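Naming follows writing order (A, B, C, D and E), and every chain is counted from residue 1.
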Amino acid sequence: MEIVEIIKVVVAGIICWLNFVLIDTYFGLPEKPGVLGAKTIGEKIRDIGGNIHGGYFMGNIVCSPDASAGTLLASIMSYLMGVEGGIIAALLVWIGNRLCADPGYAGTIGALTITAIIYLLSPIIEAKYFIAGMVLAIFTIQGFEHKYASILLGKIAKKMNRGE
Amino acid sequence: MDIVEIIIGVIALLMAIRIFLTRSRARKLLYLCCLSFCISALIALYVDSPMGGIVAITYFVCSTLSSNAIAYTIEQAKDIE
Amino acid sequence: MEFIEYILYIGYLLLIIGIFGTVIGPKVDNPFIRMMNVEVLTVGVSLIFLAYDEALALMTFISVNAVLSLILVRAIILNTEYDEE
Amino acid sequence: MEVLPLISGICCILGGIGVILHTNPINKIIMFALLEVGMIGLIVSSYYLDIAIISSLCEPICTIILLLGYLKYITTIKKKKKYGRDLPVLSK
Amino acid sequence: MGDIAILYLTSLIISLIVALILKLPLIPKEKPVRFSFQTSIIFPTPILALGIEAIFRNLFGNYIVLAVFAGLFGALLSKYSDKLFGEP
């Protein structure tokens, strides 16, 4: 019985990882540091042997709520309130983005797409598993091993024509 | 106890120990961001009400604002020294 | 262990750590570092307020704490500038 | 015991020890953020939701005040050293 | 179900009409669109109107007057967001 739940968490994690990495890369996070703090983290990642564009990606996630935050908060609100919660989460993520001096395209579009995906997949995978899946997805980028994660993000950014 | 809460709890415990042991200043911020994701998810799973969702969103946005200020100050302090 | 006793013991532990850290901590002759050690004590006191169900006192204490740190930082900087002359 | 009070208690104790043991002020401020995370978790786990909102709004204000104070303090220290070096030139 | 959809459609159409009266541009003028801070009709205005309508409907109830006000507030917030959050 518990094997089925673990498989659901892993599948939800893969869906969330694809969602926020593709949207963040399309809206140009690896291209340049948006605020001054992201430049420091990118150069620090380069010093330990990683790729600098992957470092800019990680720094921009830390310094402003982007599509990763949109994915987590929209899945939380859609677990608590249904489809309307996703729209409220998109509004509040936009306000948070403007407070951190960011245009806010990535956060709101990420929140809306994950709401649509949860509504379409709701008979198979419930919204509770998407929360654990999102935490698992952010763990593989920010918490596990910084050097190889930045090299992987740099390859994805080069393939999608963002950066270099 | 639920299997979902146990997975998030193990990740949060690992992050709290790695913040304490890492020596670099910039890499502590990356672990702190991951810990903030975990706590925000645990709050929403614990309270189970729309008010809990509002608390989770407010906590996450304010935590991001705080770490933005810390990263800005690391850059400024490097110039002065 | 009950849930209330758990919060109360964590508060007492933070108070003990904070008192010894403020008096005989490492590099405590720098006034900025000594002021930052006091912040541990305020969290311990607010956890004890939480354990005794004093909701209004907890809210007031957290709000006043931000203003208090502003006054202490201003005092340290003025003291350093007066030492120049 | 539930998961949230356990994690919050561990964060409180680790943050409290870390604030005392580190000596660089920016490291101390990062550890102070960890301590605040534990306090907010313990407040939420006893269902005081309004105080949790007030507390999480007051946390970045306190952090920004400490950071601005640190920048002003380190600038004052540097200026005093330069002034001390210039003083014999003026007396000559 | 159909009742709720009418409320959301009302707030969406009202917000678009008010944004046209306030002379917001259709798409931002600066050329890389993903880096520009200028608000326009397409991007933030419908999302703000729908979000405010969702908050009003959960707090107060299903009234058609509140939907009109939600559209009005959404367009005004989109127009004056530079003065509210500060110019970057």
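The rule is short, and it goes like this: a residue touches a chain if its C-beta (ideal position, glycine included) is under 8 Å from a C-beta of that chain, and two chains touch if they have at least 3 such contacts.
For clarity, every value in this text was computed on a predicted model and none was experimentally measured.
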Are the chains other than subunit E still all joined, and if not, how do they split up? one piece
Among all the other chains, which ones are in touch with both subunit A and subunit C? none
Intersection of contact partners for subunit D and subunit E: none
From the C-alpha centres, identify the chain that is farthest from subunit B. E
Reference subunit D; chain at largest CA-centroid distance: E
Central chain (by mean CA position): B
Pick out whichever of the two, B-D or A-E, is joined by more C-beta pairs in contact. B-D
From the mean C-alpha coordinate of subunit C to that of subunit E, what's the distance rounded to whole Å? 44
Express in whole angstrom the distance between the two chain centres, defined as the mean CA positions of subunit A and subunit B. 14
Indicate the whole-number Å distance between the mean C-alpha point of subunit B and the mean C-alpha point of subunit E. 31
Using the touch definition from the top, which residues of subunit E touch two or more other chains? 58
Tell me, which residues of subunit D touch at least two other chains? 29, 70
Take each protein chain as a node, join two nodes whenever their chains touch, and name the resulting shape: line, ring, star, complete or other. line
Chains touch in the following pairs A-B, A-E, B-D, C-D
Residues of subunit A that touch subunit E when the two form their complex: 27-28, 81, 84, 87-88, 90-92, 94, 98-99, 101, 103-105, 108, 112
Over in the complex, which subunit A residues touch subunit B? Could you list them? 2, 5-6, 9, 35-41, 44, 58-59, 61-65, 68-69, 72-73, 76-77, 79-81, 85, 89, 92-93, 95-96, 99-100, 128-129, 131-132, 134-136, 138-139, 142-143, 146
So in the complex, the part of subunit E that touches subunit A is made up of which residues? 32, 34-37, 43-44, 47-48, 50-52, 54-55, 57-58, 81, 85, 88
Quick one: which bits of subunit B touch subunit D in the complex? Just the residue numbers, please. 1, 5-6, 8-9, 12-13, 16-17, 19-20, 25, 28-29, 32, 35-36, 38-39, 42-43, 46-47, 51-52, 54-55, 58-59, 62-63, 65-67, 69-70, 73-74, 76-77, 80-81
Subunit C residues within the subunit D interface of the complex: 3, 6-7, 10, 13-14, 17-18, 21, 25-27, 32-33, 36-37, 39-40, 43-44, 46-47, 50, 55, 58-59, 62-63, 65-66, 69-70, 73-74, 76-77, 80-81, 84
